[in-house]
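Below are the structure tokens for one structure; questions will follow.
Labels for the chains are A, B, C, D, E and F, by order of writing; each one numbers its residues from 1.
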Amino acid sequence: MTARLDYAAQSPELFKKLGLYSHAAHTASIEAAIIDLVNIRASQLNGCGFCLDMHVKEATLRGERPLRLHHLAAWRESMLFSTRERACLAWTEVLTQLPAQGVPDELYARVRGQLSDQEVVDLTHAVMAINAWNRANVAFRTTPGTLDAAFGPDKAGLA
Amino acid sequence: MTARLDYAAQSPELFKKLGLYSHAAHTASIEAAIIDLVNIRASQLNGCGFCLDMHVKEATLRGERPLRLHHLAAWRESMLFSTRERACLAWTEVLTQLPAQGVPDELYARVRGQLSDQEVVDLTHAVMAINAWNRANVAFRTTPGTLDAAFGPDKAGLA
Amino acid sequence: MTARLDYAAQSPELFKKLGLYSHAAHTASIEAAIIDLVNIRASQLNGCGFCLDMHVKEATLRGERPLRLHHLAAWRESMLFSTRERACLAWTEVLTQLPAQGVPDELYARVRGQLSDQEVVDLTHAVMAINAWNRANVAFRTTPGTLDAAFGPDKAGLA
Amino acid sequence: MTARLDYAAQSPELFKKLGLYSHAAHTASIEAAIIDLVNIRASQLNGCGFCLDMHVKEATLRGERPLRLHHLAAWRESMLFSTRERACLAWTEVLTQLPAQGVPDELYARVRGQLSDQEVVDLTHAVMAINAWNRANVAFRTTPGTLDAAFGPDKAGLA
Amino acid sequence: MTARLDYAAQSPELFKKLGLYSHAAHTASIEAAIIDLVNIRASQLNGCGFCLDMHVKEATLRGERPLRLHHLAAWRESMLFSTRERACLAWTEVLTQLPAQGVPDELYARVRGQLSDQEVVDLTHAVMAINAWNRANVAFRTTPGTLDAAFGPDKAGLA
Amino acid sequence: MTARLDYAAQSPELFKKLGLYSHAAHTASIEAAIIDLVNIRASQLNGCGFCLDMHVKEATLRGERPLRLHHLAAWRESMLFSTRERACLAWTEVLTQLPAQGVPDELYARVRGQLSDQEVVDLTHAVMAINAWNRANVAFRTTPGTLDAAFGPDKAGLA
């Protein structure tokens, strides 16, 4: 795997605007711990190594339990996630994969039972934002960890 | 199908920031005719009725041939798209569906053969932006055509 | 995409017999407006450019609204189709894609609620007939529009 | 599984016309032994119990080796099929499943290497015909074996 | 298809231990007739020609009806399997294919309604064992029938 | 998620025999570091929370780098795996998912280029063994971590 184009350098203005949107979506009404889970699970589903690496480091810096991060790939079978977190992860999966029949009413009702209107909308934006980044980094094969120095997640001490 | 939450009203700031990003991505180096094709094809793949409706109207307002719009759902078999447009549609499809093995080298090379570095990056942002909108409108089942009055695409005269 | 064998010229007798069956299926008890929708949606799902082109032109000649044709690719989210049309489209999709578990009882009941026994059978034949044509034209990559002069759908005025 | 509508009784004229087409397709230039393999393999892929039952009996009546019939579900790994038969089975599979990218050039070339132009077209019609019957019998859950008395395949002596 | 490595000769100790496990799983509390159905259906789903061939011969030696073996590829539509057999086949399919959401509660309840606790566990081991063999024989393309002389299933008289 | 049957208690003899096979497969010619990667990646693909939890802990006890474990879900894009490890992971994926066309010659050749005959066979057994355990633990929803006390992986210190 060799990296392709440096899309940040090529179109700095678009990179900046996506950054502004993404930052706002990831710091809105949903707690940081859930945003990390969303970012990591979407990156796993989309096969994005760069985003997976970055968000695992961010979650670790924030103090997330390592075992929860390891359980994320099979979260449905884990006992380590709350009912609220499980609803957010199910919402992340359905909006990342967009099944042919759309988003089922039962799932929407389940998410509404755990989140306020504001939170449902903000969570949806968070899923949209990570899905955008995943597409850029898969398209251009950005090497995982290359922005550690600039963004700081190498302080996570993850060997 | 009944609409769910009005996500624009609920989180106006996020809606605005996504709009700024999306507008910039859709008016960068790629010609408007191709941006319309990208928006329509991604919306078909993602099953987003609202975005499909809006971008068909926008393309019609811009003067796109109706038959090309009808051919989009089976564009590989159509004679109505240029080599450049076909490369952009293939790029749109692979980044919308993100196959498990990532984006193949042959497809990346084919796109590089038709677009400049700048254009490849900007096209990628256009695909990312429409994929974001598709997710919001599928999640909240925004009724197709409801923004015609505000955004103007009803002038397309599409009965 | 270059066309392959001319299957009509190669086996004129089989072409004629399929034509007789198909014509009968498409002019039985189901109204022409729905037959057009069925033909177009199946052709989209099967990726058949030739049939998609022909049936969009036929529907246009018959007076179908352009916007309904554009909405077909995401019809579940559209408000432009009646309950009866939606049942017919769902029947078209399940019989075109044949999921591993067969045709669910709920879907069969839903279709029975909208159509008479005669209509259910005739609709099924219509789906079978367009699925047959789709396979021939995908197999031999018949160029979309090449039969306009012979069959007349170029009078649709679709640019 | 209980049978649904009797589609032959409901629309006898369409049933008859499909029968005429199908009979012609299955008795054209392709040898009966291959037509049986095509009918059985398509019925397995489409999950059609009625057609599977009928065509296994027909093949047995014709004198087909039982072991070849058992191998069909994993024919790629079997040594019991000729190069010509394998090409026909691959053509049957691709036209039954219609992958999103259409029918690959390599597969078309492979089939052309084993069959005359006439045979390629007639084989394609055979695949189209069995795909039509499969859809009818899956839709209406025709009970396997119910036409043994009328059509005769119970003489196959298959317990 | 040419065979690859002879895995039994290469690692005789692992082959023997798998054989001991598999033999025990296939001769535990579940009746032989169902074990045969499980082995054949899993081999069809996994595309394993070697195991399909062997277990069809074993079932035939045991006295299984040929028509039931032919119906297995579309067993949901067949009238030839008991409620108990159908539950075991559904369990075999879900554990062979492992859908993303895991094994549904309704299916587990359905199987519990037909089998004792002991039988559910032993059936599960039987599915696990044939899935292991399928992987070995697909990986190394073991030629179907090559062990007839050693294992005896050629006495089945299957031509 | 509540656990279902305790399959070890129900059929201790089968559990023991599978354990003997599995232990032998996991301590044959392939180095422990790769066996851990194989076990974890297969468990992610099969959605098995119990096995994922156990093998992450085992790998940690053995001294595996946490970041490599986090990268496994998108290993194709990671720089942290050797050519040999990547070949083993690709072999694990193809044998876990068994695509309809079987195991491609190019992949087999790639694996042969990195492993001896003995190692290819032993690696295949390792994949077969973890696939068996995954099926048991998904079927019975064994709670992740419940065997920590008995098997020791809680000494991994993973919070």
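Keep this in mind: a contact is a pair of C-beta atoms (placed from the backbone, for glycine too) under 8 Å apart; a residue touches a chain by one contact, two chains touch by 3 or more.
Keep in mind that this is a model prediction, so the values were computed, not measured.
*Asks:* From the C-alpha centres, identify the chain that is farthest from chain E.
*Replies:* Computed centres place B farthest from chain E.
*Asks:* Taking each chain's centre as the mean of its Cα atoms, which chain lies farthest from chain F?
*Replies:* Ranked by distance of C-alpha centres from chain F, the top chain is C.
*Asks:* Can you check which chain pair, C-D or C-E, has more C-beta pairs in contact?
*Replies:* If we tally the contacting C-beta pairs, C-D comes out ahead.
*Asks:* What is the distance, in whole Å, between the centres of chain E and chain F, each centre taken as the mean of its C-alpha atoms?
*Replies:* Spacing between the chain centres: roughly 23 Å.
*Asks:* Let me have the rounded angstrom distance from the C-alpha centre of chain B over to the C-alpha centre of chain F, please.
*Replies:* 41
*Asks:* Give me the residue numbers in chain C that touch at least two other chains, ranges are fine.
*Replies:* Answer for chain C, listing residues that touch two or more other chains: 47, 76-77, 102, 138, 141.
*Asks:* Got a list of which chains touch which?
*Replies:* All touching pairs, sorted by chain label, are A-B, A-C, A-E, A-F, B-C, B-D, B-F, C-D, C-E, D-E, D-F, E-F.
*Asks:* Across the complex, what residues on chain F touch chain A?
*Replies:* It comes out as residues 1, 43-44, 47-50, 52-53, 56, 65-67, 69-71, 73-80, 138, 141, 143-145, 158-159.
*Asks:* Residues of chain E touching chain A in their complex?
*Replies:* 101-102
*Asks:* Could you list, by residue number, the parts of chain E that touch chain C in their complex?
*Replies:* 76-77
*Asks:* What residues of chain E sit close enough to touch chain F in their complex?
*Replies:* Residues in contact with chain F: 4-5, 7, 10-11, 13-14, 17-18, 20-21, 24-25, 28, 46-47, 95, 98, 100, 102-103, 108, 117-118, 120-122, 124-125, 127-129, 131-132, 134-136, 138-141.
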